[in-house]
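Below are two complexes that have chain A in common, paired first with chain B and then with chain C.
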Partner chain A sequence: MSDSQPEGYVGLHQLRGLSMLTLRANLSATKIKSGIKKATGLDFPKHGMHTSNGAKSLGWMSPDELLIIVDSDECVQTIENLNKALVGQHILLEDMSDARAMFRLSGKNIREVLAKLVPFDTSHSGFAVGSLVRTRFAQVAGAAFMTSNDTVELMCFRSVQDYVFGLLQERIATWFRGLSIAVSLKKN
Partner chain B sequence: MLVLNCPYCGLDKDETELSAGGEAHLKRFGPGSSDEDFEGYLFERTNPKGLHFERWRCAFGCGKWFHAARCTATLEVFGTYKAQTLEPPKVIKDVITTKRPGWSWRNFS
Partner chain C sequence: MSVRLANQGRLIDRMRPLSFSFNGQKMQGYHGDTLAASLLANDQMLMGRSFKYHRPRGVVASGAEEPNALMNLGSEGHFEPNARATTTETFEGLLATSQNHFPSLEFDIGAVNSKLARFLPTGFYYKMFIHPRSFWKHIYEPIIRKSAGLGKAPKARDADKYEHYYHHCEVLVVGGGIAGLQAAESAAAAGVRVMLVEQTAHWGGRAPVDGVIIDGAPADEWIKSTIAKLSSMTNVVVRNRTQGSGIYDHGYALAYERVADHTPRDQRPRHRLWRVRCKQIVTATGAIERPLSFARNDIPGVMLASAVRDYLVNYGVSAGDRTVVVTNNDDAYRTALFLKSAGLDVPAIIDARAEGGGELMAQAIAAGIRVETGRGIAKVKGGKRVTAVSLCAQVGEGSEIEEIPCDVVAMSGGWSPVVHLWSHCGGKLFWDDAKAMFRPDVNKPPIGSNGEGFVIVAGIASGHLRSAEVIQDAGQAGLTAAELVGGKKAKDTKLPDAQDAKEAAMEPVWLMPHGASYKLRSKAWLDFQNDVKVSDVQLAAQEGFESVEHAKRYTTLGMATDQGKLSNINGLATLSEALNSDIPSIGTTTFRPPYTPISMASLAGEARGELFQPVRKTPMHNWHDAHGADWEPVGGWRRPYAYIQNSETVDQAVHREVINTRENLGILDASTLGKIIVKGPDAGKFLDMMYTNMMSNLKPGRCRYGLMCSENGFLTDDGVVARVDEQTWLCHTTSGGADRIHTHMEEWLQTEWWDWKVWVVNVTEQLAQVAVVGPNARKVLEKLGGMDLSTKTLPFMAWADGEIGGFSCRAYRISFSGELSYEIAIPANRGLDFWKMVVEAGAEFGINPYGTECLHILRAEKGFIMIGDETDGTVIPQDLGLSWAVSEKKR
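After this line comes the complex of A and B, so read on.
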């Protein structure tokens, strides 16, 4: 993070321009794993984790659900690659791009902010870098991606994005000093 | 506060992230069964003070249904296990036997 890093206790961005694909399949099958790796160029995530190369990421959602996040420009191509790499396998691939919204918290205090939102242990031991936890943010369902030691990305349904955005602002402003908000048009 | 470990995602889930699904290990009696069996399947539930086997769903997590063995009086959790089974696995039974010797529940002991 360079000059895009906002000042203040914690930075809050809404990430736009992302496409999300949901893949339902037996994620312990070797052919499925290797096909996904081939189609996306990313390592297959371990149980409860995600892998990423910046704009593109794979997230382990459940034993039979994988989330694939790509730049919107790459969405069509990614679907094509996946269908090609997984031909003959028992899968279901759906473009969920507009179903969800994504926020990024940045700064060294994000674990404390996160602890005000979720019921799980947000310390290093409970939520290591690379983790993906599906949980709730106050009253709505969501998922948290620990992308680095000072960034965490939060995903929720788009229908509740205003609630989550307000919630994040309120928690940061009420419990901690200072908040800066920026809306990014692209993930990077 | 009740915390159960989901055997599918492997995470400790707070009660507020779960939804309760009632008694576990029910046998379904559908069309063609006797009225008594059908009534029992629909309505008869045990409500013990002590050891109980329940269904829970990792509702805000991975979305899977799982089973939990716990004590309704002390909230002690003996263990959780996957739902693809007709009876509690031996490891769970062994834990219960250690902590509640001579236990029985429905047809299990």
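After this line comes the complex of A and C, so read on.
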């Protein structure tokens, strides 16, 4: 198997230009849910899932924590919309854009690459498109968003981004089931 | 002589010869060989030296149970000690050397121990090395340490890569013999996710070697079609060269895949550790043949009957021209029959049973083989190679009747089911008197979290020795496992029909001959690797070591790298006879994972070198590195201890930094400080509970130093708290305390005050924090401009949001040095730019970065405490003169 075999490739890219907002609130309250829906225009995600319209997404982090991801230039507006829609509610909204790093893995073999890093079930049944799992990547905490059948986005703390990048590089660059999985790297 | 035969060898490819080296000598083998097979084919029967007496040892088995043929493999970064030749696949260029001898395998000085054996009985070490007391530390231990151990420890860094793989399925089947294959097929038919693992490179286990017929054809055909079918199913993962190594609670299992041991340097990871989560585990782990205990049964050339058969059928290797078979069961007759039909000589089958065997014995007699029933071996003749055996009556004390010249002794003491995996998580065993074996008690399986068993044993591992029973039992095990995990009922449940020869009952033989003299018993080996003999176990019993666990440790029986796979049952039986007790009341020693030793590197996985431990880096980390940082680990972070300039020492750097900060201007990366936002109508009330002093009455825009105590009243953290607005506070914690204090707060909010309206978010990583410290601190910040930092607008212990040099920031007028000091928080992604700007602007004011040691000196000189330095978990605030920070008002 040669490295040029395209179906063996897994791409690894660091994502930039995203803003992340952490919202602590009682997510089972109807007023909160409808307020979020109104402010973001997105469906409220179910337990263990995320919803997205491409540019924007909502991630279910826990019964009282929601992650809102938007393009950086929409950050201020989104905060404003949320504060407006949730006025009078007991919430805590924080801009956490700089606290985290995001990576995207792409290719047909991403589930197998992922299985070398995370303890959860990465199969189609265990990690369907739309899933969001808070987990660990080897020794550090992280979260994984299955965004399509051949892309997964991984989030970790910014302080350990070099570690996670190194980890992904090493795990992608090994073989599995006779397939040479080569890496196409992009870290900007 | 052991040689390669012209034909036979179902696992080797004679079109693919290869060369390898053993003790520096070049040898030839074939693709498909194990190293043991290759060595035998080159007449290398002598493969190692024993641990204690350095006796010459040959290969005795053909699989994972091998105690003798341990090798050093490879060199430098690819070196590995204690590898079993029987489980090592031979490849082109393989380098092997034998172990535990000096100067050479053929001539070993340590063998003098064997001559001294009378003076080195069991317990010798305990009795000898206790007096005089001081000798242990200075004389005995250094000498013993030097001579102990089998293989050499690797010296070079491991050049290979290793990985973990987390796998989830409903049913894990361990063992790829016919039982495992059938169990996997039956479970897979129910539509559940199945993983099937086999430790060797080949499927089918012993069945093809033993001539089992399945559905009217040799077993090989059924095995091939079954594995092909399983491999094509999307709900099945099959892995050969993968050992089910351990079973743990909650359906967790470890499987150890030797991905590239046989193809080194091909870029693949060498080993892969499968961390399997499943709901049911089927252990189809087969059985291991037992040796017989007769005098000098450790002479090279004495082998298990099944191993002699394996080398012949699988690798086309004859262990010798003339093989005497000695047995207490029918199975060993197969070896004689295969040898005979290969044209090799079988001078005699010595059957300890007075009546002999059944169908297979009749076949042997018909083939013209001499069968001696009711006989045993009195003694094996020969030194580094068997030359003859002497015949005796099994019931007697070993008077020699006749000497039979031979090159190989093929022994069989019956079979022991491999119950290890069943037992790892508490599965119970029972002693089957008729079959003379410990069998899994299927009514007492390992219990899972739901109170039900989660391990099912199948086939020979369960004590079913006949192939037809094996298939039935395994099919049922697969179906049951699938049913328990919610599989659908399969329509076609017809199982294949398996046939093998009918066998007469075996008869337990724990010592040969039964009344063997002390002289014979003291040469009858139980544990080959650790040199434990029948007489040693008897001595242990005599000296009062009645518990099997005590006897094991006193004699070292079963404590070698093979963990007693061959010696266990014979040792228990010997102990029970010595104690006039029965085997079940003696019990077994504890079976613990892993089944065989697995590489430490596979357990470490990726965690080595750069990835050994994650290092948390602040936004300015690389700048520090480029400016001479001498690093110190702090709470998972690396912080500069000091910045080394030119040729100064660390100590000189620290003193320069202290003086410069006191006299001019210092800059410190304080980003690692914990920062936790606490918000809500009840936040003030909550923080009053968290801190020893009041936080609820802090004014927005102001800061207050606070102490935190554990529920025992001991200091656990400290830091400056800032009130952001009516409902919001920001709590600074120590660098190492951020996650801990965040958890502490969440715990109280979730379990005790769940009805309080408070939200907490840890924003430590969102913000970079830069401390600008020293007499010139205000000057440099005012030079950059953007906000009013005068004492009037921003007095001590106040904070304000604003802009400095174009950066939006929050400035705190706080000090941990006693100097004029500001801490500036900026979004982390802008931290480095801000830092560089301040350093550049500060040049004219003598700015210098300082590290943690300077910070410690500055704060200590002013009497400020540091959690972890002045506290150790037993210190209360009053111990440190901090009564002022313990509020009396909250009582």
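Rule of thumb we're sticking to: the second predicted complex is superposed on the first by the 166 of 188 C-alpha atoms of A that agree within 3 Å, B and C clash if a C-alpha of one lies under 4 Å from a C-alpha of the other, contacts with A are read in each partner's own complex, and residues count from 1 in each chain.
Keep in mind that, in the parts below, a contact is a pair of C-beta atoms (placed from the backbone, for glycine too) under 8 Å apart; a residue touches a chain by one contact, two chains touch by 3 or more.
Note that the structure is predicted; figures quoted are calculated from it, not measured.
Q: So, does A:22 touch the first partner chain B, the second partner chain C, both, or neither?
A: A:22 contacts chain C only, not chain B.
Q: Answer with first, second, both or neither: which of chain B and chain C does A:102 touch in the superposed model?
A: neither
Q: In the overlay, answer first, second, both or neither for which of chain B and chain C A:119 touches.
A: After superposition on chain A, A:119 lies in contact with both partners, chain B and chain C.
Q: When both complexes are superposed, which of chain B and chain C contacts more residues belonging to chain A?
A: For chain A, the partner with the higher number of touched residues is C.
Q: Please indicate which partner A:172 is in contact with in the superposed arrangement: first for chain B, second for chain C, both, or neither.
A: neither
Q: Check the residue A:144 against both partner chains and state whether it touches chain B (first), chain C (second), both, or neither.
A: After superposing on A, A:144 lies clear of both chain B and chain C.
Q: Check whether A:133 is in contact with chain B, with chain C, with both or with neither, and answer first, second, both or neither.
A: It touches chain B, and chain C stays clear.
Q: Could you tell me if A:68 is touching chain B, chain C, both of them or neither one (first, second, both, neither)?
A: The answer is neither, since A:68 touches no partner chain.
Q: For chain A, which residues lie in the overlap of the chain B contacts and the chain C contacts?
A: 119-121
Q: Going by the contact rule set out above, which residues of chain C touch chain A in the complex?
A: 161, 163-168, 193, 267-269, 275, 277, 605-607, 610-611, 613-619, 637, 677, 679-681, 757, 759-761, 763-767, 827-830
Q: Can you list the residues on chain A that touch chain C in the complex?
A: Those in contact with chain C are residues 22, 24-25, 64, 90-92, 94-100, 115-116, 118-123, 126, 138-140, 157-160, 162-163, 166-167, 170-171, 174-175, 180.
Q: So in the complex, the part of chain A that touches chain B is made up of which residues?
A: 47-48, 61-63, 65, 119-121, 133-136, 141
Q: Please output the residues of chain B touching chain A within their complex, sorted ascending.
A: 8-12, 14, 16-17, 60-64
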